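In order of appearance the chains are A, B, C, D, E and F, and numbering begins at 1 in each one.
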Amino acid sequence: MTQPNLKPETRRKLEKVSVATLATALYKRGLRQQVIQDVRPLAPKGRNMVGPAFTLRYMPAREDRNQLAEFRNPEHPQRKAVEICPPGAVLVMDSRKSATAASAGDILVTRLMKRGVAGVVTDGGFRDSMNIARLEIPTYHNRPSSPTNLTTNEAIDINVPIGCGDAPIFPGDVLVGDDDSVIVIPSELADEVADEAVSMTEFETFVLERVQAGQSIIGLYPATQDATLAEFSKWRKTLTTEQSR
Amino acid sequence: MTQPNLKPETRRKLEKVSVATLATALYKRGLRQQVIQDVRPLAPKGRNMVGPAFTLRYMPAREDRNQLAEFRNPEHPQRKAVEICPPGAVLVMDSRKSATAASAGDILVTRLMKRGVAGVVTDGGFRDSMNIARLEIPTYHNRPSSPTNLTTNEAIDINVPIGCGDAPIFPGDVLVGDDDSVIVIPSELADEVADEAVSMTEFETFVLERVQAGQSIIGLYPATQDATLAEFSKWRKTLTTEQSR
Amino acid sequence: MTQPNLKPETRRKLEKVSVATLATALYKRGLRQQVIQDVRPLAPKGRNMVGPAFTLRYMPAREDRNQLAEFRNPEHPQRKAVEICPPGAVLVMDSRKSATAASAGDILVTRLMKRGVAGVVTDGGFRDSMNIARLEIPTYHNRPSSPTNLTTNEAIDINVPIGCGDAPIFPGDVLVGDDDSVIVIPSELADEVADEAVSMTEFETFVLERVQAGQSIIGLYPATQDATLAEFSKWRKTLTTEQSR
Amino acid sequence: MTQPNLKPETRRKLEKVSVATLATALYKRGLRQQVIQDVRPLAPKGRNMVGPAFTLRYMPAREDRNQLAEFRNPEHPQRKAVEICPPGAVLVMDSRKSATAASAGDILVTRLMKRGVAGVVTDGGFRDSMNIARLEIPTYHNRPSSPTNLTTNEAIDINVPIGCGDAPIFPGDVLVGDDDSVIVIPSELADEVADEAVSMTEFETFVLERVQAGQSIIGLYPATQDATLAEFSKWRKTLTTEQSR
Amino acid sequence: MTQPNLKPETRRKLEKVSVATLATALYKRGLRQQVIQDVRPLAPKGRNMVGPAFTLRYMPAREDRNQLAEFRNPEHPQRKAVEICPPGAVLVMDSRKSATAASAGDILVTRLMKRGVAGVVTDGGFRDSMNIARLEIPTYHNRPSSPTNLTTNEAIDINVPIGCGDAPIFPGDVLVGDDDSVIVIPSELADEVADEAVSMTEFETFVLERVQAGQSIIGLYPATQDATLAEFSKWRKTLTTEQSR
Amino acid sequence: MTQPNLKPETRRKLEKVSVATLATALYKRGLRQQVIQDVRPLAPKGRNMVGPAFTLRYMPAREDRNQLAEFRNPEHPQRKAVEICPPGAVLVMDSRKSATAASAGDILVTRLMKRGVAGVVTDGGFRDSMNIARLEIPTYHNRPSSPTNLTTNEAIDINVPIGCGDAPIFPGDVLVGDDDSVIVIPSELADEVADEAVSMTEFETFVLERVQAGQSIIGLYPATQDATLAEFSKWRKTLTTEQSR
């Protein structure tokens, strides 16, 4: 099983940039489908979720295999995933883009939080979402879904490549979520994309200040005028490292 | 017309349990489609909506039958439903899962609230939803919808069996809504399901405490280890009746 | 290009009425499709957005025409629209009802705000929507969308007739948005519809007061009893002009 | 229960006109939603289905009420509808626009055919549709659907007003289906719309001949040039009554 | 890897019954989701496809992993699946219910046919479907889809449990397709369900004869009258074994 | 207005290749969205539609602007487009992916055919589609749609860039349709893509012959073995030019 292997400094960089900025950085590299579509935070956290993906795959539930007694099996893949997802990782579930039944509820998500997991994502829905929203752990879904998981979902595979919200996810890919959405960074690109996104964010912060001060975007964003780059360079020197958002 | 006949103690029990817990209790009984799909509270109320269903059925509007003058008819089914829905009941509307036009607006919902109705549910949308959200009465819909009801809906039947968000609803079935969603309990099951859900909720509260204290879910949830049941039994004795959520 | 030509007094009237009331006023005139469907405010503003429409049309993006370098072109229609949309107008975008990629982000919306634009509407989604929600300018979309605009959208036409959320929009039509949704008033109807909506709103305020005081809606709403109209007339005299909401 | 009351000469006229022509005739009268959306013939019949509507309403199935044994009840509404739908009428089913499970199968449709019913329409799907397609009786659905009716549908009401494919249908309204789709003519308009559609069809036949002969549509369709009307009048005289399609 | 293990006599029985009949037989056993939804034959074959499932799972394609050169890899899972799917089995693909790009084309399907594979099913679409329709091998999809597989699909797993059209499929389950749709029979039920379906088909044939002869369905279907069963018993004796369809 | 400028030899080449092959040729060039999604031929023609695009853009209809009398205007954009679309071109309509009302009917399509237009495509639906299917001219839509165009569509622009079935179309781009679907080739790529597709088709024909003769696809398709290329080269020489399909 893939060992999450995300450098602490890369994690720190990714905590300070937006999913939008990361999406543009991946777009430059020809990757256009990495944002998980139609998934949103249960509550805004004002901080990013960052961590390597640990995946759980659901298939449609067949009634005879999905009675409540199944959960008594300590090897049931959903329960097992909750207990073995590495601390610092993000548990991400392929729920086949259906929120007809729940992907998980507040007890499992609390357990994940206590185990140090960095976040939980599904392209379906959580039950008890009103409670999950109040937990500290960042969580993302399509919409609240109260029916028990077994109604339509059978957990079938742990840590295999999956789709989530039409994005491709391989175990170990780095997930970043902000108060808008979640993006998937291929693991081998995480370091360079983090660096680039930090730079882009600095420039965007500079641009936003200028725009708030009344400047036109033409020549400024993107920086097609030499003057813009010169001013940005000057502005940047006035910043201490920690001021960049 | 069905007289709502919900025992006060059953109502009280249902006010203290979540829709998710009720969904599991009905799942055990082979009922898998009782949660109203894709309907949400206009605002979180922090308390449950509980009441027997009083239904209103809409059909697609034919233009010649749905001019504004129709509302002048004191027997117009939508207006009549608002005036005869019993206090303590929940008015639930089959809007054919379409929020293209409104199911109702703030004046009608305010009237229902003043008449003592327990809640209002549609699988379409409310107009003036920004105002309705501020009312004390719990209300549930798919999304705000400003066009007048008549644009696509003709109220055609009062208190007949309907579908709402793909759930089957018979007049007198007990509707329970929390800050996530709404569930339909067949009237003949309301008492026993309420009892079971109260017990389940006690156990879930116990489990959640243990999980917050760091315990694994294996053996605990579900309680496959004898020790778990023994501890639960002990924990339960330490509770006064009123402490169970 | 159409010059926005909205009378200040019409604007003031439209700031005080709801989209629902306007939808009914247009319904009386046979216009049933004027509410932009499935579009919502990024944040409630507690006040109306009002302004003549200035439009931007997107078409599906072809990869070779939509590399990041395109934004370096000062004549790129999206960037140009942001710089020439008249102060007081609303920039409204036909994003083909798709939020797969962003219609715009926080830098462009901030620039529009600084230029005095009255609001921004798309039937797609904004990126950086968590930031845009905090700006003073009213903004409306379907859902947050982090991928860069170029992923699926090519800005192709400025200020042509468009569809937005299945509503027809001609440049200069008056857009009004409240905390529920946005409506399109044909420019030639703006004055008369504003007048009528103000009157309707007065009556609805009266009705709501009565309903809150416990009166039935039968005979009151609509006012089929002469007594209702007499009481309304009396109630109205007790109001100073400014008290009508 | 409404007695179908369709004049034989109206039926004959409606057998010779297309749904498209009827849709235009109703459009002139302000009725825009009368075509049943997204429903198609199981097989082209090369002739029209015509008959007054006899309706059956389905609601979502609750598992405990929809075991196979239910069909043993001679009063089961689906089976009863099949036995009492009047000869010459069209059985039309509100299946809530879902083809997840069947609306009916080949045995019931064969029984309806033997009883002289004029056609069967659902906005869901038929099972055994490969067999039904070969029957003489015209049938319309969304797509084949093999699961038994009880899986998602409970037949609940006979001959009440319903929606089918978003069109409003009242018992006794006249349904006309061709090889494209099905339209609903309000019963009180059937005679005049049939007359008008026959005239329109004559003119369209004339236009089509001219277009096939190479004439431009400008001035011809619609007939804005006096010459066109004169030629049509002459052309018409050359027809015996029976030649009009 | 699962060895298909379908008894020849079970296969022969399943070749003579309809998917609708099989769906009812599974419904009796509590299995309600076994019909693959919204998938249809490319061309009617007038005979059933029968075979154990051999599965292929697709995930969303990431651009850098899905260039045309990938197909040069002899271990590419799609190409490999085509070469190792056992003769007599059905290759069934989880294409995530998307026909935006192809699941396969005529060359691969021809190869499968030549290798003796019993059929091919996808919940996406085939390219070259006009050619595939003319092949003898039965094939099922949602709709034609011309873009190359790599556009949105990455083949990732061979012969794992999958979903297809919302039905659960385990390797070795028995797939049966007729001219309407495809059903999934859990492998352990195949023999008994085949037997039961043959009996049911005999009775349905009898019923259909009676209905064609003018008999009412009440008491006949289901057979609630003793006379019906007696007549069926007599009718059955007049049949030689081979006459049952 | 763009003059269609398609070389006769390019047209001839495009008449002999499939949309699937063209999609792969464009995929190699980084163009992934060029197939018009969810649009199909009204009837198989057994030959390709080829021609430069002449576009018509629809917007949502506003009721007061879309009464039947509008068609009396000789400058009505839909009627005008029918009369000025160049012979040899393909009229392609952006109907906003909605078949709720018709994009055109049999009279207009017959006129286009008589004028020598090469084909007609809409991402909505045609009325009188049963008649249009029998015409010689190739036509493509989503599904039959009987309501008059004016019900939801206002023709607003002629020969501007549009989207159709989520594909980007610029006037003059070359449309190719086969019995599966339609693809859009950017005009500047038409010649080279036609050449490449002819070569690819030759190779695919060779591959298909080999597969029909029992050869494995590994090493053959794609041709990773030198032997394959050598055999193809030999095979090719045995062909007269005209034998390549």
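The definition used in the following text is that a contact is a pair of C-beta atoms (placed from the backbone, for glycine too) under 8 Å apart; a residue touches a chain by one contact, two chains touch by 3 or more.
Small disclaimer: the values here were computed from a predicted structure and weren't measured.
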{"item": "Superposition of subunit B upon subunit C: rotation angle, C-alpha, nearest 5 degrees", "value": "120"}
{"item": "Interface composition of copies subunit B and subunit D: same or different, split at half", "value": "same"}
{"item": "Approximate Å spacing (C-alpha centroids) for the pair subunit C, subunit E", "value": "50"}
{"item": "Subunit A-subunit C separation of Cα centroids, rounded to whole Å", "value": "32"}
{"item": "Subunit B, residues touching no fewer than two other chains", "value": "32"}
{"item": "Inter-chain touch pairs (all)", "value": "A-B, A-C, A-E, B-C, B-D, C-F, D-E, D-F, E-F"}
{"item": "Subunit D-facing residues of subunit E, complex", "value": "18-20, 22-24, 27-28, 32, 35, 37-38, 40, 44, 178-181, 183, 204, 207-208, 211-212, 214, 216-219, 221-222, 224"}
{"item": "Of all residues in subunit F, those that touch subunit D in their complex", "value": "68, 71-72, 74, 79, 82-83, 99-100, 102, 105-108, 110-111, 114, 127-130, 143-148, 150-151"}
{"item": "Touching residues on subunit F, where the partner in the complex is subunit C", "value": "29-34, 59-65, 96, 154, 156-157, 160-163, 166-168, 186"}
